[in-house]
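Chain naming follows the written order as A, B, C and D, and within any one chain the residues start at number 1.
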Amino acid sequence: MADSHAAPALGPAALRVFDLGLGQMLWSRRTVFMALVAGGPVLIAVLLRALASLPVFDGGAGQIAGRPVSLDGPDIFGLMIWTFYLRFTVPVLGVFYGTALIADEVEDRTVTYLFTRPVARGAVLAGKYLAYLVCTAVVVLPSVMLVYFLVVPLLGGDIGRNFPALLVDLGLIGAGLAVYGAVFGLVGAWFRRPLLTGLVFVFGWEPLVVVLPGYMKYLSVAYYLQGLAPHAMPQGDALSVIQALLTSVQTPLGTWANLLALAVIWAAALAAAMRVVERREYVLGQ
Amino acid sequence: MTMTTRTRYVLLGGAGVMAVGLAGGLVAWVSSRLPPLVAQERPDELRYVPPEATILSFANVREVMDSNLRRRLREIQPELDGQREFQERTGIDLERDIDYIVGGLVPDGPDDTRGIAILAGSFDADRLETLALEQGGAASDYRGRRLITIPDESVAMAFLEAGVIAIGSEPLIKRTIDLPFAEGGVDSNDSLMGLLRHVERGSTAWTIGRLDDPRGGGWLPDEVEAQVSQVAAFAAGARVNGGVSGTLTAEARDEETGRNLRDLLQGFLALARLQVGSRPELRGLLDSIQLTAAGTNVTLTFDLPSDAVLELLPDRSDADVAAAP
Amino acid sequence: MSRPVVVADRMSKWYGQVIGLNEVTVSIPPGISGLLGPNGAGKSTLLKLVTGQLKPSKGHVQVLGEPVWGNPGAYRRIGYCPDHDAFYERFTGREWLTALLGLSGFEGERAAGAAERALETVGLTTAADRKIGGYSKGMRQRIKLAQAIAHEPELLVLDEPLAGLDPIGRRRVIDVIKAWGRDGRSVVVSSHVLHEIELMTSNILLLHNGRILAEGNVHRIRELIDEHPHTVRITAEDPRRLARHLLGYPHVIAMQLQDGAVVAQTSQPDAFYAELTALAAGDEAGAVREVTSPDDNLQAVFSYLVEH
Amino acid sequence: MPIHDHGYARYQGTRTPPGRAWAVIAGAGIRGMLSARPFLFVLLFAWLQFFVRAVMLYLAANVPQADVIAPSPATFREFFDQQGFFVFVVAVYVGAGLLANDRRANALQIYLSKPLTRIEYIAGKLAVVMAFLAFVTWVPALLLLGLQAMFTGSLAFVREHAFLIPAITLFGFLQVLLASITMLALSSLSTSARYVGMLYAGAVIFSEAVFQTLRGVTGGTGLSWVSFGASLAQVGDVIFRVEPRYDTPWGVSLLAVGFVIALSAWVLARRVRGVEIVT
């Protein structure tokens, strides 16, 4: 009889939801988007490689199309880590998937099947979050790896010597996905228009506060993540120039302080998201 | 698990890429980072350096000249005046003709040392000889090798074999020519050559030495000098490409000294980091320095991208101005 | 066995300005109970409150002696079949059932066995390994029922389980529900068609505009309804010929021809349906294509109950 | 035979002449957006810069020491630059669901079964986004110009920089059109507004990331045409007669902007159809 089956505890329940949610998430319409986001840098890397074999890209003379190249492979890789992954892929995927953890199920009205099971709603969120993490990591991290092997050997870069930096990058991107996912999981559980809120946070709030002097920057994820990046910040746009100027004046946080801050944000956001989901009613539209 | 086959393929694919990448990267890293496993290979010319040499250096000139860093340096300082003059006088183009240089310091009596340099590359022997004779040198044959001595400067030069020249004091040069016939070169000095294991394979330049009679030279602070006197041997290697990276290993006389040395260096680094605010160009260097200690050995590694190296160069702007006509 | 399965005490639910359920106090006994009401009466809201998906805005509800909102442990004893057509389309029927059973605490062999039994019960064994995305409407309805019964709950809550089913599927689902009741377990099933509910149970709860209008035996309600004409709309090959036949029946009170269909009002629906079936089987009135019974007749009862 | 009972009455009002139906769609869309309170807050925020700049203009006109902040054509160029973020937010807020929600509800078939051409339907939807975007860029920019004249009590600046009025209008139109039509084209590709919003953000930021990478690699800005934002900015600099910020010839940037608009129009023409073609 039914009474003989104990309801799963939080951990196992989350794992079951994960199992259910992973395939669902991996083959949703977002997959196309994620493939583009993760595949884009790889494509650029392949293009750079192709260019390197063409006469316009005279590696020996350090020129591309007659313009001197002042970077070598590792520098280009560092640049790509910043512009593509830290500033684009990680926050965008965090927003896109994080805000959809519950919203997707609500929109598809399948949340009923999860919320009428003897499983804490928090476990549903945790399981979906886990699925998000695996789903994005399994696509984004290999993308970083491919870019590394494509780009670093350019112009005399050494795959071996830069390997520790790659490990840091992989860890950093993993941590970024985890923290952004948790933060936007909370946003998704809380706000009516989570996507817009998320986009404003990532592309409005964060770039602004990390360059402002004072304590505002502590209210972002990017500040801590960027503090951990092993590569120099690219000096392209005005914001990063200001940021570079300011960081040379301010004492940046140490590695452990950054990691601790990220861990605190992660744990707090995830716990809060679980709590919100536990308490909130989801009225399915007819 | 209710995972579909397609999902499983994606997971396996992702994990596969990661595994292959990590394994490949790890192998590449190990082979580049662990000098004791694969020590620097030895140039053949070591056999011309006397075995009693205490300090031995090697520089791969060709690699430096071809490096990205050098290219960038040239953008800033197109050419050095001295270089052209040297070429006009010797017929040796520093940029092209020298492949590498091996140098040694050999003790000569209790208080003196003599140096020898062995250059490998392509040289115009006749032109060099003519040039030397013009400067008042004298040419002779010694054991079938052409030997040119310039008495005023007590410097001698010998053509050891095609494309290999030795420059140094006359007795040392003669000894060099004798070596292959007698006891053999420094490559048979296991105590010194053993230090090469600290030098990363593929280093562009390296230097190793055993300090039996260390002298700080008076320019170091007393405390440091006291420590340096405890260094029994050192090995340093550097690679030049986009930037400069390298390791410096010091072998202390005992473990206690090793620890002291490490603490001292750590203190130094901490101090430097504190003061780096006023010299932002040093930040890259300091951030890249890593200090490790094992037994009697203390090792410093650093890694500077080309930008940081250029930052470190003194008075770049002045050089630019000076170079302009 | 006489302890009620659902007890609601002055329970209200509103969505913003809209009232879904208004001060409902009810006690649903064990066995099969039908929840009857027109669309928008608050049936789904009530069932969602009973299954812990919504929290009462006011008042309380207890299911099987426990509060349900925020009490997932209680969901182990409840099976719920929602009215909307939503699935993980990429799963096969079996995968989906097994995964959901996992969430109910079933593992491995046990989950596989329970899934198999549920599939068998709803008659989907042969289609179990096809993707749900490829199922017909009836199959989707049945797999939805399967997930509600697979973990053998004590209380089955079914929201419009017969909607969209063909006659055979309808028969099968009704049988499943009745068998469930015979096994001594409880079912709350909602519908807006009295006729359907009647086939399953005689215990009925009438809901209208968020309020309970009546509860109790179907016969009483039946009588109420019989006092009001029952409207039936019949699409036929030759409506005029059919109308002529129908006019001959004494219980047909009024008749109208509406673009290819006959809309008849009868005071005795049972007799009317029986005779209509006989008529359709014969040849004299032409083929009958579709028989529907709009909400209007139920609406009439409600109006009557509201007025009295 | 007389008809005794009319179930209906023939419509005897006036009909909108054909070709004007877009206004109905636009009107409904605009009213719909304005009824959402959060959106009004977004609009209010989008005007924040206007108020700050207005105060600066006032100070520049009345406080002699505030000479540093005296307006120039570059001021107006910067204004547009800094409104870029709100263009993005408003475009996502307004535009993401415009077609996607209709597609989700299968409303396209219903719309197009009315006396309404596809062009009118698209134009109506486009007008909704463009109206709001113009409201946060073109309107405040022109108003700022007017305020400048009012605060100084002279038309000297306006007369001296007479090109500013067409420049503001031209650039405002270009910026608004580019954002609107791209958004709408993406909106026609999906049934989920959230997905569309993400696609738009992805496209804008990804192209910028590609540009930044190429800029880092090549050390120059000659490849700025790969980014939407950079292309528009380059064209904008030329329109406002300030120093172009990138090395790309402005003609190439204009071509890039034109290409995106043309591509979006093509996508719209293909995707907005009354009949769903299922393959």
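A few remarks follow.
As a convention for this text, a residue touches a chain if its C-beta (ideal position, glycine included) is under 8 Å from a C-beta of that chain, and two chains touch if they have at least 3 such contacts.
Nothing here was measured: the structure is a model prediction, and the numbers come from that model.
The central chain of the assembly on a C-alpha centroid basis is A.
When you average the Cα atoms of each chain and compare centres, the chain farthest from chain B turns out to be C. Chain A and chain B have Cα centroids lying 43 Å from one another. Inter-chain spacing, taken between the CA centroids of chain A and chain D, is 29 Å.
As a whole-number value, the distance joining the C-alpha centres of chain B and chain D reads 62 Å. Averaged C-alpha coordinates put the centre of chain C at 50 Å from the centre of chain D. Residue positions 19-20, 23, 27, 68, 70-71, 75 of chain A are each in touch with at least two other chains. The set of chain B residues touching two or more other chains comprises 2, 4. Shown for chain C are the residues in touch with two or more other chains, namely 90-91, 99, 102.
Within the complex formed with chain B, the residues of chain A that make contact are 19-20, 22-23, 26-27, 61-62, 68, 70-72, 74-75, 134, 137-139, 141-142, 145-146, 148-149, 155-161, 163-164, 166-167, 232, 248. Residues 29-30, 33, 36-37, 40, 44, 48, 64-65, 67-71, 75-76, 79-80, 83-84, 87-88, 92, 95-96, 99-100, 103, 107, 192-193, 195-196, 199-200, 203-204, 234, 236-237 of chain A are the ones that touch chain D when the two sit in their complex.
Listed in rising order, the residues of chain A touching chain C in the complex are 1-3, 5-8, 13, 16-17, 19-20, 23-24, 27, 108-110, 112-121, 278-279, 281-284, 286. Those residues of chain C lying in contact with chain A across their complex are 15, 51-55, 70, 72-78, 80, 82, 84, 86-88, 90-91, 99-100, 102-106, 147, 151-154. Listed in rising order, the residues of chain B touching chain A in the complex are 1-4, 6-7, 10-11, 13-15, 17-18, 21-22, 24-33, 67-68, 71-72, 75, 241-242, 245, 280, 283, 303, 305-307.
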